[in-house]
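Which chain is which? They are A, B and C, in the order written, and residues in each are numbered from 1.
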Amino acid sequence: MAIAQPQSQPHDTREKSTPSKPGPSKQPINIRAIVLWVAVVLTVVFCLAPVFWQLLTSFKTNDAIASVPTVYFPSPDQLTLSHYTELFARRPFLFYILNSTFVAIVSTLLCLALGAPAAYALARLPIKGGGILLLVVLFVTLFPYVLLFLGLLEVVRAVGLANNYLALIVPYTAINLPLTILVMRSFFQQLPKDLEDSAKMDGYNTLQMLWYVLLPMTLPALVTTGILAFIFSWNEFIFALTFITRDVMRTIPVGTAQLGSASVFEIPYGPYAAATVVGTLPLVALVLIFQRRIVQGLTAGAVKG
Amino acid sequence: MKHDPDPADANSFQSFVRRANQIRLRRLKLPYLLGFVAALLLTLVSLSRPALTQEPVNLQIFLRALEATQMAPFAADFNAANPDIHLEMVEAPNTTTLVEDLYTSAFLLGDSPYDLVFMDIVWVPKFAAAGWLLPLGDRITEAKLNDYMDKDVDGGRYNGELYRMPFRSDVGMLYYRTDLLEQGGFAPPDTFEEMVEISQALQGTGDADWGYLWQGLQYEGLSAMFVEILEGFGGYWVNPDTLEVGLDRPEAIAAVEFLRNTIESGISPPGVVTYAEEEARRLFQSGEAIFMRNWPYVYSLAQESGIQGKYAIKPMVHQPNEDSGACQGGWGFGIAKTTPHPDEAWRVIEYFSQPEVQKQFVLETGYVPSRRSLFTDPDIVATYSFMPDLLNIIEQAVLRPPIAQYAQASDILQRYLSAALTGNMSAEAAMNAAARETRRLVETPESAAAQLEVQGAA
Amino acid sequence: MMNLESPRQRERVTGWLLLVPALVLLVAVFAYPIGRAFWLSLFTENLGTQLEPVFSGLANYGRLIGDGRFWQSLWNTTVFTTVCLALELVLGMGIALVLNQAFFGRGAVRTIALLPWALPTAVMALAWRWIFNDQYGVVNDILRRLSLIGTDITWLGDPTRAMMALIVADVWKTTPFIAVILLAGLQSISRDLYEAHSLEGASPLQSFWAITLPLLTPQIMIALLFRFAQSFGIFDLPRVMTGGGPAGATEMVSLYIYDTVMRYLDFGYGSALVVVTFLLLVVVVAIAAIILTRAGIDVAGDNR
């Protein structure tokens, strides 16, 4: 099934072709190879160094953290797990994790449930003004949602959603919808039209066809957009900061940013680092497992050349 | 793969649908699985929310992690003595403005988790004007309030109503090096001019690197420091009754120029514009400076440094015909209007208001008391000998403008002061701009509309 | 009554049924708050009015014109956005070119390169604050070891350097996004073009200018458009890393709006700030869209 290739273009052959072709003579190939490897190493260092540093910090004792010159690789007596235990003992960090997980999963599922049918309607059904709707959706994709918190604050207060997970789930779902619609729509468009025609001849109505025939075929796309939505919801900060003020209901980014320390002039860098590791671990796992899908989603959402 | 017909070639649609259905059955397990996980999590989260129905009344208060640690033993005592109430302290970050913002979001959103509010003195007007605090006037008599410092009580009032019970006080003052002054044959200065002269003389002989240390960083401490200088020059910031803004008056501009001159003439280090309390304290403790403006907490800390026994405190210097200014700070308790248990909350405040509790707290932490009698309490004086001196200073304290828009007014002042002190703007231009923005802030909509019309006509 | 017998009619109804839930949500979460901001911006609603809305016409906008802090935050945001976009484009292009080559472990490197983008900004902002710490930060330590500095640099305590630190953190975080999009573009360029060009004696650099860059223009434009919108509304990174300081040097428009509403409780004025920022954004996006359309780039992905 090649459906999971939204950006599939006629020239998309480069990825598979063996690359050592170019280079007229042997000498430049070596230089090329060296330059390439230097670039690869730089890329890896650039991307990993801050995360790795945080990981190291999280296992260091306070003395090792605040030592000059900096301790890079702590000796065994400079290792500790106390930052992790402190995180869970002094703050309801387990709740933060559960909250983040719950909010992210529910809003992701809702987003797919609302977005996929809408995308299908825009892709295949005769909707008057569908083109304009699509433009609107695209503009909304670009929208910096920071501008929404003031208005949403009023809504949340009026509806009484303060300190309710729905106050996060609903906005997250809405913010993820435009991208979901754009990506899913391009997937639907690539499905062979014959499929629907024959399904109709077989007496399926549109909804049945969507559920029994089309959605199973677009499962890869659903996973792709779902992961993007999940990552966004897990990371979101401003709504989580504004609409949840009860400590046990906070999500990881806000809970982490508000760790305090028992001394005024000491910033709790150890627990911060431990919180960074715990809070990012699920996302690291997602990226490791679904790297290809994430790339597909990003490019399908953003690039239509 | 051989037996699996390519969908495009499937001539029987039925077979294809069957195949699609198989895919669905196999693949669609993922959403179900996710749904199951979500349901499980929801149950977990809702189950593990503390069920409090039959247990004692739970009261939450939100305070900085440091204070939470210091108050924890007192809270434990209270809980032990009051089995029907459980006072829970939620730790906040240590930055004051961040705590203010978190309280603000909690009240603004509604459904505030906090029953009690531990308040900086400058929050009172804002929180009261926004209607987030319960008036306390009918719970306490004026006679009992008379035991507290006047300014501490006044700082807890808004529009004449009491919203905050003082717990501990704070006040800005002048630290000076007794040994250096004696050595040069100087009496402690009373005026700005005397302080400058002493500084230059002692710096000239090489007895001290720096004359005067203060807080020049752009933060709330800058406003607090400036209020004292402003008072010493006979100026004012915002008149709380008439809402008149005095920042562009000659006295205010002179005050800014004085501070700027201390840097230009080398009396204050150039880095003073990046100093908060701690930077100033460390430099003073290293013995390199003669004078410093700071809060009382420095007094006990400096006893453990190289300048032990070589310094004293006095009220801030001033212009010859003006009064000395000391900025009033301090913390106290308020009750959130939304709390379902105001009476229990008041019992917490009553507990913390007891003289013995406050005395114990002062003894253990070295904070400044709010009760007048504690300044001369023998036990406290035995530990903190400076307390009687402090009483003289604190009686002259000035409040930062008790207006509802204080947070914003202070941010405006800090920004323009910082610009003037770092030399990015002239004192006059900076204060004119600060005054203009502050006026726009405190004016009523009617006067704003009128002003706009005037501008439009011009 | 509608004629539900006609299949096309029925499809139309079904289509709307499928669309409506999503549209309702989008309207509720996007359109209502913005519309509400337009309305509220005509009122003064702050602590001076006991939080009651009082009609004041365009007074909020008059105040905005004379509000030095707003203009400074707008300037900060512009500087931040411009520098970030420029750096991210160059670096992202570099990484995309690297990832487009074949080498052992390419899949793993592609995964690693995506990592920064996926991690929570607010949490990583804490990491960056630690990295740029003046006493114990690893940046100062490396510079010391390289003998590039004698004394510690206060990165987050100096206006210019705090902005630099913020930009570094943002570039780290969002370069992968640009790289991924450019990589997709690179993969769609036919190899034959390069081969033909190199047969004519062109160097790889010449090929880059003559083939890669022109053919990549759509992806570049779209990546920039997306990043512009995100970067213009940046909130969590400066909020956690610098808090907008020192001296307001890293205060972005979004931080100022948040403070105005959540700290000063100045709802009317905050709404005016939202409206102005929104309009600025619409103008920029509209200009970009016109340029894209002129250049024949189909932004909506409409294959019809």
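List of remarks:
Criterion: contacts are C-beta pairs under 8 Å (C-beta built on N, C-alpha and C of every residue); 3 or more make two chains touch, one makes a residue touch a chain.
Model, not experiment: these values are computed from the prediction.
Interface comparison, A-B versus A-C: the pair with the greater number of contacting C-beta pairs is A-C. Once CA atoms are averaged chain by chain and compared with the all-protein CA average, the nearest chain turns out to be C. For this pair, chain B with chain C, the centres built from the Cα atoms lie 34 Å apart.
The geometric centre of chain A is 38 Å away from that of chain B, both derived from CA atoms. A straight line joining the Cα centres of chain A and chain C is 15 Å long.
The multi-chain contact residues of chain C, meaning those touching 2 or more other chains, are 262. Residue positions of chain B with contacts to 2 or more other chains are 98, 105, 108.
The set of chain A residues that touch two or more partner chains comprises 153, 242.
Within the complex formed with chain B, the chain A residues making contact are 90-91, 95, 98-99, 101-102, 105-106, 108-109, 112, 153, 156-157, 160, 162-163, 192, 195, 198-199, 201-202, 212-213, 215-217, 219, 222-223, 241-243, 245-248, 258-265. Here chain B touches chain A in the complex through residues 7-8, 13-14, 16-17, 20-21, 23-24, 27-28, 30-31, 34-35, 37-38, 41-42, 44-45, 48-50, 64-66, 69, 90-94, 98, 102, 105-106, 108-113, 278, going by the rule given at the top. Interface of chain C with chain A (complex): residues 8, 10-12, 14-16, 18-19, 21-23, 25-26, 28-30, 32-37, 40, 91, 94-95, 98-103, 107, 109-116, 118-131, 133, 135-136, 138, 141, 144-145, 172, 175-177, 180-181, 183-191, 194-195, 198, 218-219, 222-223, 225-226, 229-230, 232-233, 235-236, 239-240, 254, 257-258, 261-262, 267, 270-271, 274, 277-278, 281, 285, 297-303.
The touching residues of chain B, counted against chain C in their complex, run 95, 97-98, 100-101, 104-105, 108, 126, 129-131, 217-219, 274, 404-405, 407-408, 411-412, 415, 418, 422, 433, 436-437, 440-445, 448-449, 452, 455.
Chain A makes touch with chain C in their complex at residues 7, 9, 11-15, 17-22, 24, 36-37, 39-40, 43-44, 46-48, 50-51, 53-54, 57, 65-70, 114-115, 117-118, 120-122, 125-128, 131, 133-135, 137-155, 170-171, 173-175, 177-178, 181-182, 185-186, 189, 205-207, 210, 231, 234-235, 237-238, 242, 252-254, 256-257, 267, 269, 272-273, 275-276, 279-280, 283-284, 286-288, 291, 294-295, 298-299, 302-305.
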